[in-house]
Each structure stands twice: as structure tokens, then as C-alpha cells.
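The two complexes that follow have chain A in common; it is paired with chain B in the first and with chain C in the second.
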Partner chain A sequence: MGKARTGLGIALALASLAWIPSGVARADVTISLKTFDQLYNSLAVATRVTPDTAIKTYFDNVKLRLPKTGDVEEMSAPMLTGLTGLSGLFCERMIANDARISTPANRRAHRQVDFTKTPADMTEAIRQSVATEYARLFWQRDPTAAEQNLIVDLIGNAITTDDTTAAATPKILKIACTATATSLLAIVN
Partner chain B sequence: MNKPLLHQNHRRPITRRELLAQGFIAGSATLLAPTLFGSLLSRAARAQGMTTLPFMVFDMAGGAGLPGNFLVGKTGGPEDLLTSYDLLGWNPRIGNALDKSFGLPMAGGNVSRILQGITTTSSAEARAFTRMGSLLHFAQDDTSSNQLSAVAMIARGGYKTTILSKALGQRTNVSGGNSDIVRNGSADAAFKPLVVGKVGDVVDAVGFGQVFSTYKPEVVKAMAQGMSDLTGEHVPEIRQRTRGDRLAELSQAAYEKNATDTASGSSMDPRQQTITQQVYQINAGTQPNDVRAITATIALNAINGNAGPGVITVGGCDYHDGTQTTGDAKDLEMGQHIGRAIETAHRLKQPFFFNLITDGGVYSRRGSRNWQGDDGTKCMSVIGMYNPAGAPAMRRIQVGSYTDGQGVDRTTVIGASPAKAAYAVLANWLSAQGRLGEFERIAPAGVFSRTELESVLIFG
Partner chain C sequence: MRACVRTTRFTSSAIRSGFMTALTVVAVAHASLVAAETPRETAQLIFKRLTGTAIHLDDPRLAQMEQLITSGKKLEAALVPTQDDYFYASTLTRFASVMVERDESPYGTFSDFQAMILGAAMTDMDARELLSGNFSFEDRNNSTRPATSDTTYYTNFASVGPTVFKSRLVRKTPQWGPNSGLAADDANIAGLLTTRAWAQSHMEAGTNRRALEHTFKIFLCAPIESWKSTDINEMRIRRDVDRAPGGNPVTFQTLCRGCHAPMDGMGGAFARYDFVGGRLTWSGPNRIPGKMNNNPDTFPDGYITIDESWINLLADPAHDTGRFGWRGDTSGMGLKSFGQMIANSQEFKRCMTKRVYREVCKRDTGANDTATVQEIADRFETSGYKLRNLFADVAVNSGCLNQ
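Coming up: the complex of A and B.
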């Protein structure tokens, strides 16, 4: 297994080529999983996070569990487990980056999130906007109503009685971000 | 009459079928059913795509008195008795001295604490399907430099795992135990077992990692369930694509398993598994660095195929302090580790191959079991196998021999070389799976001649 290409320029180009608008019939195209390096690069592109040492180390530890050729037979629970951790790291960095950007319009996502407020302060409308942003990042399309509801519900379910400070807001968002980034549509070509 | 047939125009036989055909294997018809690997693997293992015979090393660091637990004999086998065993800590000639439950006779009558450890931690059913044989060889005393461990060769011998590719051990040595691996140039240079000092060392390596370590388990589970639910929404879209139906089918199972099982790492954590809770007497509240939790983690994940081979080490086996007490305690401890592993394999219905090694040996005060000093000529290794389909058949139960001097005969194929003993372990592990033909792909050419290779086979 070769070393992952980490050049974001190349990855961006590949990602743009892979982007096909929802609704375009693709029955003639055999579906495949993203390979280990495609997953790595697509997460970097989607989150606009430059992988740091922790991400690279984790990736090195799990890449043997990620798809090698992209054949659908490589879909497995161990693969998903490894990918979940990788997605979580990219999401964590993206959310932290966005939280430091005071002008919401300049954020990768979370344009309606006030990171100075608690998770409970995220209204239904804010949660829906987050769901839409995540879907666009990882699925390259808007969420359906059902998908949006699932992400909104997940944000609600992730909030525990301990999450009463603003510091908990990124933590809750990471759960929804990771779930979206690891769902099936995010990991296929 | 029983000499092998050597055909001038044929290459020398290497596969089991070829060895049989040319008479290198004598009287092996009884081996067929129970030892063919296809029948060895449990249905669950096959369903997981696992096609490797799980392997563990049990390493007694310091040079334990293994010939005081297992019967060693002359060239005719273990019951070709030596003139005396008075420096080996027991007398196999007294009535009921031999316990032959495992094929290789052990010191019965409450003499062998390894035997006691095995029998008190495993069920009669598990023991009935377990067999052991001996490899008699010299080793240097009290050193980690004996290349006795076959674990690296076995790990790269087509060893397949379902989750974690690494071997599991307790020590930072390249072997994961005390004795060294056989070093085949660069082939094994990259071998490095995962050191298990606590349950989390394995669970974190196969779980979601530290990035979710601060979350409550129910939140992590909700996340995994969330991605499963989202995937359910994606399925109609995926099915429109060529091979989409197959991916949808695989995805449903994978995401559900991810949500219900792996999300909490519970399948890797012996404290969460009923079988290991019972066998190792642990529970969800057991400290993650408790030795029972650590050894259970290694055994569970090695035997069920989640991870690579496992290595469990008992330190302090340089027990020649002039008493019997210290040695008995260490022997008992190792016997318990082996017994629990056998019982775990039995309850998992999983075939299992193991190797007991030690660096050197000890001699006793004449006529007693009080261990007096080091003696590397009183060394040996043991290989064992559990087969849920029935007791493994054995070609022989001893490789190599001892002499009447109560020390190993160094002139045999493996007698002078710990590494040769390790190669014999590899050969037996492969042979038990019907894969002996791969021996020369893994071991260097010329380690054994064809005749020598056949002569070191106990299983398969």
C-alpha cells in the first residue's frame, strides 16, 4: 500500500472531478468505495484541514483497515471503525478552526453557530443549517428532509446533562460531523 | 520396506500429499479427518473470512524446569525412559506418575504444577480435545537472546486477522515476550507486537481512537447509530448504481455491527465478554491493568482472530533458589494461563495452536524437586493444539531426545539450536493447516532437509 498523497491541490482536483450533482443517473457507473488515500484526501478537502501529526499517525495506524482497491467487498465494520476515528479527527480540527474565525461567512461550515453559547442554545434552525452544511461538504448535495432530521436529532441526542457550557458546543458538533462524514454516501465514488 | 521412495525424475516431496505418496509419512491415515484445516475452523471463523490457525506463545522467562513437568525420553520417545530423572525433579517410574491426557506424558500425581494449572482452569471437554508434543533442544540460560520464538515467522506466514493485524505481547522486545524471534534477515525486521499493558492498548487500537475517548459510551453509540441511519437513507440512491445492491447489503451489516458492537470496543474487551468473564474471573469493573484482564485481552483477541498471534510471558522463572516452592508457583501460574487459553478456545469453538518456551533450564538437588541451579541442557519446548472437532491426531509426541546424562542430545536435528526448534514450531503450525508446502517460502532455504522436515512434525 503506497503512501497517501497529501497534496491538497491534487486532492481538490480529484474531488472536483468526482463531484456529480444529485439526480444524475449513474447506473452505468460501477460503484466503488473510496480507497484509503482517497478517503484521507477527501476528508482533508471537505474540511479544509491540513493533516497534522496526530492525524497522520492515526491514519498510518488504520490505513491497512481502509479500502485498498475500493471494491465493494472491502466494506466491513472494522473498516468503518477505523474511518470513524479518522473522520472524527478531521471534524474536530475543522470545528476548532471555524470556532476561531469571528466572521461566520468565512467559516468552512457552522455559519450560524455561536461558539460562545452552549449546545442547548443551538436552535432547531441552527441545527438544520449545520446539517445542510455537513451534507454539502461530505455528500456534495443538500440533505433530504429525512437526512436533515436525522442529523438534527443526532445533535440533540449527543447533548448530555454535563454539556452546559460553551466548551461543549464543538464536542456536540463533532458527533454530527463525524456521522455525516462516515455515512455511506461520503465514502463512495 | 518402509523406506521412502525417492524418484529420480521427481522433485523432492514437500506437500503433505507428496510426502504421503512417497512414503515419507508412515501410518498417517488416522490424521485425515480431524486435522484437515477446513474442518478445524469454526463456522464463525469461516464466516468472518478467517483462515488462519490462531497461535500463541507462552514464555517462561528465566529458564523453567519444563522436564520436571513433561516427560523427556531417549530416541524411542518420551517413554523410552532415561536411566534416572533424579536431577529433573521427579520419578516417572513410580505408580501413576504419568498423566497421558494430552498425548505427551506429564508428571501426574500432583507433581506438575503446570498440569495442575491447566486442569484447574479448563474443562474436561476442552482438555479432551487438546494434545501436546515436545521439542527437545538446548538453550542458553537466563537470556533473551535465544531465538526460540516463531511468532514473527508465523505472523508473516499468511496470518489473517479480522481487525488488528499486529501480534499482541507484554514486553517491548521484538518478540513481545522474553526469548528472541528467529531473525531471518530483513524479513522480520519490521515485526513489532503491540505491547499490552492495559485493556485499552488493544481496544483503542481497534476502536475509534482517542478522539472520542472523553465521550460517554451512549453518545458514541448514538453517533454510530446515526451514521447507520443516514446510510439507510442513502441506500436507495446507492442501489441505482452497478453493484449498488451488493454494497447496500454489505453496508447494512457493517454499519449495524459498527453501531452495536465495535463502537464501544466491547468485542475486544474481555471484561465485556461473557466467555472471558467466566474463564478469567473478571468483570466490567476489573481494572484495565489487572494481569488477568491483560492476559485475557491477549488470549481473547489472538484466539478469536481479531488480532495477530498472542504472547504471554511469566517472569521470574529462574527459580533455582534451593526450594520447590518458588518453582511450583511459577509453573502453576503458567499452567493457569495455558488452561484459560485452551478453555477460551473451547468456548469460542475455535482451533488453537500454542507453544511453551523457556530460556534454558534448571537441575534439582538429586532426588528432590528443590531446584538448585541453571542447566541449559535441561531445556525443551512444548507445542499444543486444541481442535473443537476432536482431539488432534499426532504423528509423534517427541522430537529430539535426552540422554542418560539427563540432558538434551545436541546431535539431533533441533538439539543444539533454539532457532531450529522454532522452525519446527513453524513447520507444525503450517502442517496442522495442510500448508506445509509453504515452509520454504517462509523459512530460509536449507533449514531442514526434506527428511528432517518430516522428522520434526508432530501435528498435521
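Coming up: the complex of A and C.
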């Protein structure tokens, strides 16, 4: 398993995504976070996944680590790891759902992904399209070129030589999806 | 880009670790995360603030909101997300949980109290009725009405999912059905104040003073420390309050009296209620629960509660600071009239505005926001105390939108 598949790898990835320039610099704003329930609901809405028992149980277990009031001081490493796990579950379900849909246009994302092929078969163009789809789902806008490159690089770095089957494709996508869903843009209110 | 630089809580106190330092840099450099510049960004931010979820780019409501904002109809735009399922399942549910849980926790399980607030918003009813009305909001699909001991009715209802609130919550009257186990007369029914959840939080054991104290804290945003006064007549202070704690009458006069004089004056409104064995109870028109006359030997000459009469000594012209803006009767019999007094006060609308601001904008209002709070509160009243309007109005406030 490559290093980018570890929790640390995902954390680093999302941290990278968190400070991507995307607009006008402003210092006169108050930042707040989504609360525990807002994070949960946002993931459900973005991925269009109805939480199953496993997701509900996981959420119940990490709920108290997620922001209670939305105050930015509630941002912490335990909060981020809890959210990463939660995002991972939603992403996993969304990817599995999409993989079962034979008409790509009907998928939530992954419209250019061929789930019968290996990760290495995902071309640069496919990776870029995935990056755009994730950004639109979790950030509600298209990614900048820099943001898109980061997600594309993340996918590339996650591909390892020890798992070259088609079964690895959803796993690679899950890493990119989770990182995007847990980025700062996705968790601020 | 504006030139002003406002030091936020974020930048002033959160820099405690390398991580937070990095985060601060991020926020300052890329504040567009939460600041809307274009009509589309404004629409997205308003939607996110009101529902806690993002609106998908393909969602036709986004274009609708964008169009309204472009046309200068920002408030109308903000009313769109107040029809979203998550406005009820998330925003209002958490808003109500904080109001009813004893520790003001947002983690409360769904209850009759929360259902009533969701229902009030959904039906655009006058929010003042929340403190005096004889109604409840229940599951349209369930013909069995909940009893005052029922602990599963509302949690089961909420577990159906986020779409259930809008589709199935329906107003029913009276608040407690014939098989509920509670037969209080109309004068003693007071909306949220006679919900099971409120009773469980504030009427279990004790002396019911907690219910009074929390009514002020939750609906008038007035912790008791802010309204205690040792100048107020002690005529209604009950027998269980020692007039010379530790043998020192000065302690009573300078400390105890400050809270008990106003509190016990109004406490009679809750006199016939109790929460015993997991059940909200009403003692009937001829009996007072023992908790209201506890420890009679502590000061035998103290006030004896014999009925549900109450008097707001804070409204006495000699002591009224004008803070609460009382309007209408300031004394009465039973909980309904007491609830009406609270809801009709000027402070009620201001308090609701502050609570909504905290919920939607994720920050407390401060001294700099006094004028804004008053303006929004006045519009809340003008709109007929519609909660949806209040949430929408707060969400479009420039301070909330970081504009």
C-alpha cells in the first residue's frame, strides 16, 4: 500500500487542498465551521448517499469530535481524522453506487471513469474530469488549474504497483474524494 | 476588496499551534471561502448558512436565488432555502435543541419541543403562540397521540429521515390529547412551556424555579445574574429560603433576595406542574405539588403557594429598567398568561433574533450589533413573528454574509 493511502497521506492531501488560492484576499471576515450535523448532512447531500447503519454508527462514534457550535477553535486533529473517516464512508458508497450505474451520465460523478479498468488506465483527462466533478460536489464550483492539478497528482501518487486490478480503481478514487470532501473549503460554513 | 480589517475571533485567539497558525494564514489569504462577492456566491452562502448543506450547481433553486438577488430581492432569495428539508432537519432542530436541553446542548434527541418549533416555522404561525398556544406538532401518519410519558414517539419520527419533518409534521389541538395523561385547563397550557421535553429539562425534582429561570434565559436571553435585584419586594419569597443563612440576615438581604424576589414572584405560573417518573403532570385545579411548598420550617412566615397566580415584580415601575419592554399584563393566573407576557415583551423578539444570529451566522451578536438586532427584531414583529422570515432576514444581513 502506498503512503498516500494512509491516514497521514490523506490528511496531508486535504491540507494541501485547503490552502489553494481561489479568490479575493479578505481579512475582514469571520470564519466558522459546519457543525457535526451539518458535516454529516452535507456529505449525504453532496454524495447523494443515504446513510446506512455503518455510516450512522460511525457518525455516532465520532460526533463528539466534530464541531459542536461551529466555532473555528473546534478545528483539531481528532476532528479532522474523525471527519476523514466519515467522508471516506460516504465517498466509498458514492463510488460503489456510481460503479453500478452503466450509463455514465446518470452517475453522481465519475462520468468518464471505466470501473472495469485499472487505476493506471485512468488517463490525465479522466483524472482531470474526476477532479472537476469532486470540486463541484464538495465546493460547488469548478476547481482552479492549481486545485485540479493537486487532485490529479493525488490520484497519480496513490496508484501503486502492488495492486493493478480494476478493483483498485474505487480505492484510488476514494482517496481523492475523501481529501476533497475533507478540505477546508468543504468544511467551512 | 474592502480596506477595513476586522480582527476576528479566528485570528485573535485561535493561533495556538502550528496547525492553527497555518489555518489562520489560509483564512486571511483566502477569505472568499465564506465571503460572497457575486450573486451566485451570495446565493450559495445564504443557502449553506440556512440549511447547513451546499446547494448543487445543477439545482434549479440556485438559479432562482441568483435571479432574485440580482433583482435586489435578497430576502425573497433567502426564503427559498427555508423550504429545504435540511432547514428543518438540521438548522431548526439544532436551534431548538439548544433551547430545550438543560445544558443547552445541540445533541438532544428529537422531542415535542423541537417539533413545535419546526412546525411553527413551517406553518408561518405567529411565534409568540409558542409560549401560550394549546397545540402540538405531531406525525400526520400516526393516529395515536403521544402520552406525557412517551419517550419514543418523536425519536422514532425523526429517525425516518430528513424529509419527514416537512412532509409529515402536522398541527394538532389540544396540545395534550384525552389519553395523554394530562388534563390541564387551557389557562395552564403554554406551548413550549408545557412540552414534555421542557418539563423533563426543567421541572424534574427541585422547586420549578429552574423552569422560570430558564424561561428568562432561553426566551429573553436573560441569565438570572442580569435581572436579579435586591430592591424588589420580598413578599413572594417562599418558606424554603432561609432569611438568615449561616445566621446572617445580611446574606439574605444582599444575595438571596436578589434572585428569589423576582423569581418567586413569577414562579406561581408553574405551580401546578411537575415531572415525576418520566411523566409531565398537572396537579389539577385544587392541588399544588409538594415541591412548591418544600421545607416550610426554614422560614414559616414565607410565602405559601396556594394557586397558580404570578406577578412580575420586575415590571413594577419602581424597578422597571425598560430592558424587557413589557407590554400587556404583568400578573395573572396560570402558565398561558405568563407565556403571553414573555412573548409580548420587546426583549422576546430581540432574543429570538440573537439566537437565530448565533445559529445562522455562527457567532454571537455583540455591542456593535445592537442596532442591527433591533432592526431585524422590529421586522420580525412587523412580519407577524414568522420564524422563517426571521431566519431569512438574519441570513441576508451583511454582517452575516461577511459583505
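Everything below uses one rule, namely that the second predicted complex is superposed on the first by the 160 of 189 C-alpha atoms of A that agree within 3 Å, B and C clash if a C-alpha of one lies under 4 Å from a C-alpha of the other, contacts with A are read in each partner's own complex, and residues count from 1 in each chain.
In this text, a residue touches a chain if its C-beta (ideal position, glycine included) is under 8 Å from a C-beta of that chain, and two chains touch if they have at least 3 such contacts.
Note that the coordinates shown come from a computational prediction; the quantities given were computed from them, not determined experimentally.
S.K.: May I ask you to decide whether A:101 touches chain B, chain C, both, or neither, giving the answer as first, second, both or neither?
M.R.: neither
S.K.: So in the superposed three-chain picture, is A:147 touching just chain B, just chain C, both, or none of them (first/second/both/neither)?
M.R.: In the superposed model, A:147 contacts chain B only, not chain C.
S.K.: Would you sort A:89 into first (chain B), second (chain C), both or neither based on which partner it touches?
M.R.: The answer is first: A:89 touches chain B but not chain C.
S.K.: Considering only the touch criterion stated at the top, classify A:72 as touching first (chain B), second (chain C), both, or neither.
M.R.: Touch status of A:72: both partners.
S.K.: A:168 in the overlay: touching chain B, chain C, both, or neither? Say first, second, both or neither.
M.R.: neither
S.K.: Go through the superposed model and pick first if A:58 touches only chain B, second if only chain C, both, or neither.
M.R.: first
S.K.: Applying the document's definition of touch, where does A:185 land relative to chain B and chain C: first, second, both, or neither?
M.R.: both
S.K.: Is A:30 in contact with chain B, with chain C, with both, or with neither (first, second, both, neither)?
M.R.: both
S.K.: Taking the stated contact definition, name every residue in chain A that is touched by chain B in one complex and by chain C in the other, in rising order.
M.R.: 25-31, 33, 64, 72-73, 75, 77, 184-185, 188
S.K.: Okay, in this complex, where on chain A does chain B touch?
M.R.: Residues in contact with chain B: 25-31, 33, 58, 61-62, 64-65, 72-73, 75-81, 84-85, 88-89, 92, 144, 146-147, 150-151, 153-154, 157-158, 160, 171, 174-176, 178-180, 182-185, 188.
S.K.: Would you pull the chain C residues touching chain A in the complex into a rising list?
M.R.: Contact set of chain C toward chain A: 1-2, 4-6, 8-11, 13-14, 19-20, 22-23, 25-35, 37, 44, 48-49, 51-57, 86, 89-90, 93-94, 106-107, 161-162, 361-363, 402.
S.K.: What does chain B use to touch chain A in their complex?
M.R.: 162-163, 165, 205-209, 211-212, 214-216, 219, 222-224, 226-227, 229-231, 233-235, 237-238, 240-244, 246-247, 250-251, 253-255, 257-258, 261-263
S.K.: Under the touch definition given earlier, write down the residues of chain A that touch chain C in their complex.
M.R.: Contact set of chain A toward chain C: 15, 18-38, 41-42, 45-46, 50, 63-64, 68-73, 75, 77, 136-138, 140-141, 184-185, 188-189.
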